[in-house]
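This is the structure I have questions about; it appears just below.
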């Protein structure tokens, strides 16, 4: 069930250039289930910024009633968020949306998790849940450059982890799709989150596969009421059918919606 | 010379119901001269609130490059200000305006300082400077009720101090003007700051006296450029003459401007 | 005595607070958050004769203390609203105000005629002011004669009272309001969004795919208050006010200006509990300012 | 090469940043803070034929991310501006844009004729859009024919190029702009303030003594951007843009929208150093987005 709660900052660290890892504590954590769901954060009391900001859940720690998000400082909202200090509170609405189906892969099978930039965070909770289930995980994570690489070791603890950077300053130079081909990675299920061009490239290569992708769109309500975040369906490209990324997604099966 | 400076909070205390005493440190203090001048504070970085807030200088401590203001938490601006903590910074523009003329009274003479509510603060620096000059000071301070009385002892250290409260919960019940009459206070010069009805009452009783009053008005720029804070002159009530409270005032000689 | 009870044409409101059209869908999402029967009324999403997909995305962009939207009246069309959305809402004890939109007069008339027959629709709100659709919408909202004609035509067929939603993007809001009153409207709702735009610093292009969008939120409140102040003195039909309402204090300001009920739009996105929160805070606020009943506040700025 | 140099009718600007009329007086106060020669130009406070005291106080009220003002064109009148204010400004190397206001056409004509002869006045800005004076002002700003006629009359007598300042309180800003261009204006400045109001929660009455006031500040920026975007595509005379500018980024957005120079109003009150600060930050911003010269940004949203 979606809840709204003022959650306490229990840790907040800069883990890369403009990349922050924020852990919040509160009862809302008990509602979190699927990896790939997101929270909608109100970062200030007033109307500056006015709207909430959607951020993916990167790690769920039910024992301590804590969860973690990883975000990039972009504009006003994430800048204000980045100024929160220990013991301050953040207004959280969540968990929202439908995440990655862990049941989409069986124990013993292989799952490939492909993340790009700030799309990497939700894959961490996903990977944890898959490993727990007995699934073999392989991670291919793409970043702009070495300064914004994060969580490499954490992912490596869970499974094979390849890093690509666009400028070659870390890991292999190039895009995640290059690595998948070069390393001849085979998998039963693909899970991905990242920039649309990356998702499009994956879709065109693996549309026949069991693949799930997580989308982004500018949001208003985050709960399905305002129609800000709709996308069209591939089998009705000019019709009236649609999905809402916030409440039907953000994760869709590859081939379902138009990227 | 007016300056703009980010000044450091060196002390911030609640000294009455919704009454705060804030001390700031920085080089701008070196520019402060007359008691009764004010500073124009920007309490947040963004546009919420957008405009600066005028607050009188209550105490100047040149030795430590510190000054103090006392303010009442009213609306958004003073609420945000009240949340500033030690070592944070406040954006100060000042000192602004023309204060109380200390040269309006000679050593050995008696000055009566009459304050109402949140008009009391600038009288403290004034009283200090008068005492230093060898002037005998008498304070008559009016407040709404006991919960918002402040600085009684500090004023008492400088001279005779009478307190009036509207509801009689502290000091004498009634208005400052009642006390002046009842106590048969005699004086050479009158200085006053407080709500307009109080100033009007003083004006009608003491218009023939050497008296100075400090006015308030909603302000834009605070420096004389926007014409938000003009008032008319008593000797040209319907003409084009005017004074700007921010830059010609806030202190005027009684009888000069229309209240 | 219910201190918040307000009676308007067609509407017996247990309190004067309702979500604004387009900011609450057809209620389903918010029903997960609170009991919709707590609301004074619900203004449902604009309904058009045929289904609409609306504009391409991005459809929203934030501005200082406001937001732009260009949803483009996406909705499932009259038939589905009648067969699915409205019946679903019948489980709640709350009057529905159906927001009606179209590209031409006949569309409005057709939708109004059918939707006004629905059991829980107690009033219509003619959306003659949507800035985000290419045809119709805003033209109806800026030319008094056209608005008046539309109002008349809809009044002829509607089985419930008709409120007309005014656009703030006009030179003379009073002239507009009077023309609509004269044409027989039972009430006014105001204001719809101001037309605005935001550009992307990197590309230089508009952030919204539709380029322009409707500005809502606290930024526009002073414009709404001014218009309601002016219009409420010039007409004798009631006004449901909206634009940037975020708190019980804002509701009071709208009543002072001349509104008889208040709708909450953008603030629902910020805080899904905002409507019940405001409703619960209103009695204490009436106490604070010494009112027995909320209707005592109505028009206080000019009365 | 001066990357900020902009040439407009009558105006050779070392940079495209200038304080907006009414937000900088006649420069004296801000000259205590920085050297006015740093500015691209100065738009001085509205000048009328006779001195004006303006409206009663309170004249300003704050709103969410904006402010309302109802100064009422207080100014010392044409003669004093000619004999005192303008000569004082001659010590600075900065072109002056004289904001001209009046209650009737003849007033405008008279002021324009005289003030355009002043040595440092390089252009006029016809204020046909002040919402805060009872007579004139806004009527000129909402009816295209009246605005066009006024423009023509002033053009006949002015010795310098004439810019006309548009009101945003109109149904059709493009129609207005075209009529004014057609009448011979050399440029446009936009936008003036939106008409708004704020009520006092305690009394229920308007905070401003004038009741309504002009809304300025960041709240109105999306409306200004949209209007400049529309007008710049419809006319071929240049636009000086304004409304909520607070940063070099805002200036870029105005250029993208279609402005050729930018004025800063309310932000001067927030930060008296804002104009030189923006000017100093612009070159680095041009670097960041890969422009050699600021004029490359002009109209990028639609070009």
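Order of writing sets the chain letters: A, B, C and D. Residues in each chain are counted from 1.
Convention: a residue touches a chain if its C-beta (ideal position, glycine included) is under 8 Å from a C-beta of that chain, and two chains touch if they have at least 3 such contacts.
What you see is a predicted model, and the numbers here were worked out from it, not measured in a lab.
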item	value
Greatest separation from chain A - chain, by CA centre	B
Distance between the centres, which are taken as Cα means, of chain D and chain C, whole angstrom	34
For chain A paired with chain B, centre-to-centre distance based on mean C-alpha positions, whole Å	55
Centre-to-centre distance between chain D and chain A (centres being mean Cα positions), rounded to whole Å	46
Between chain D and chain B, distance of the C-alpha-averaged centres to the nearest whole Å	36
In chain C, residues with contacts to at least two other chains	64-66, 218
Contacts with two or more other chains, residues of chain B listed in rising order	47-48
Chain contact graph, described as a line, ring, star, complete graph or other shape	complete
Partner chain C, residues of chain D touching it in the complex	63-66, 68, 142-143, 169-172, 194-199, 201-202, 204-206, 211-212, 215, 218-223, 225-226, 229, 244, 249, 252-253, 256-257, 289, 297, 300-301
In the complex, chain D residues that touch chain B	22-25, 28-30, 32-33, 45, 51-54, 57-62, 64-67, 69, 71, 74, 76-77, 207, 217-218, 246, 266, 268-273
Complex contact set, residues of chain B against chain C	47-48
Residues of chain B defined as touching chain D within the complex	1-2, 4, 42, 47-52, 93, 217-232, 239-240, 242, 247
Interface residues, chain D side, partner chain A - complex	64-65
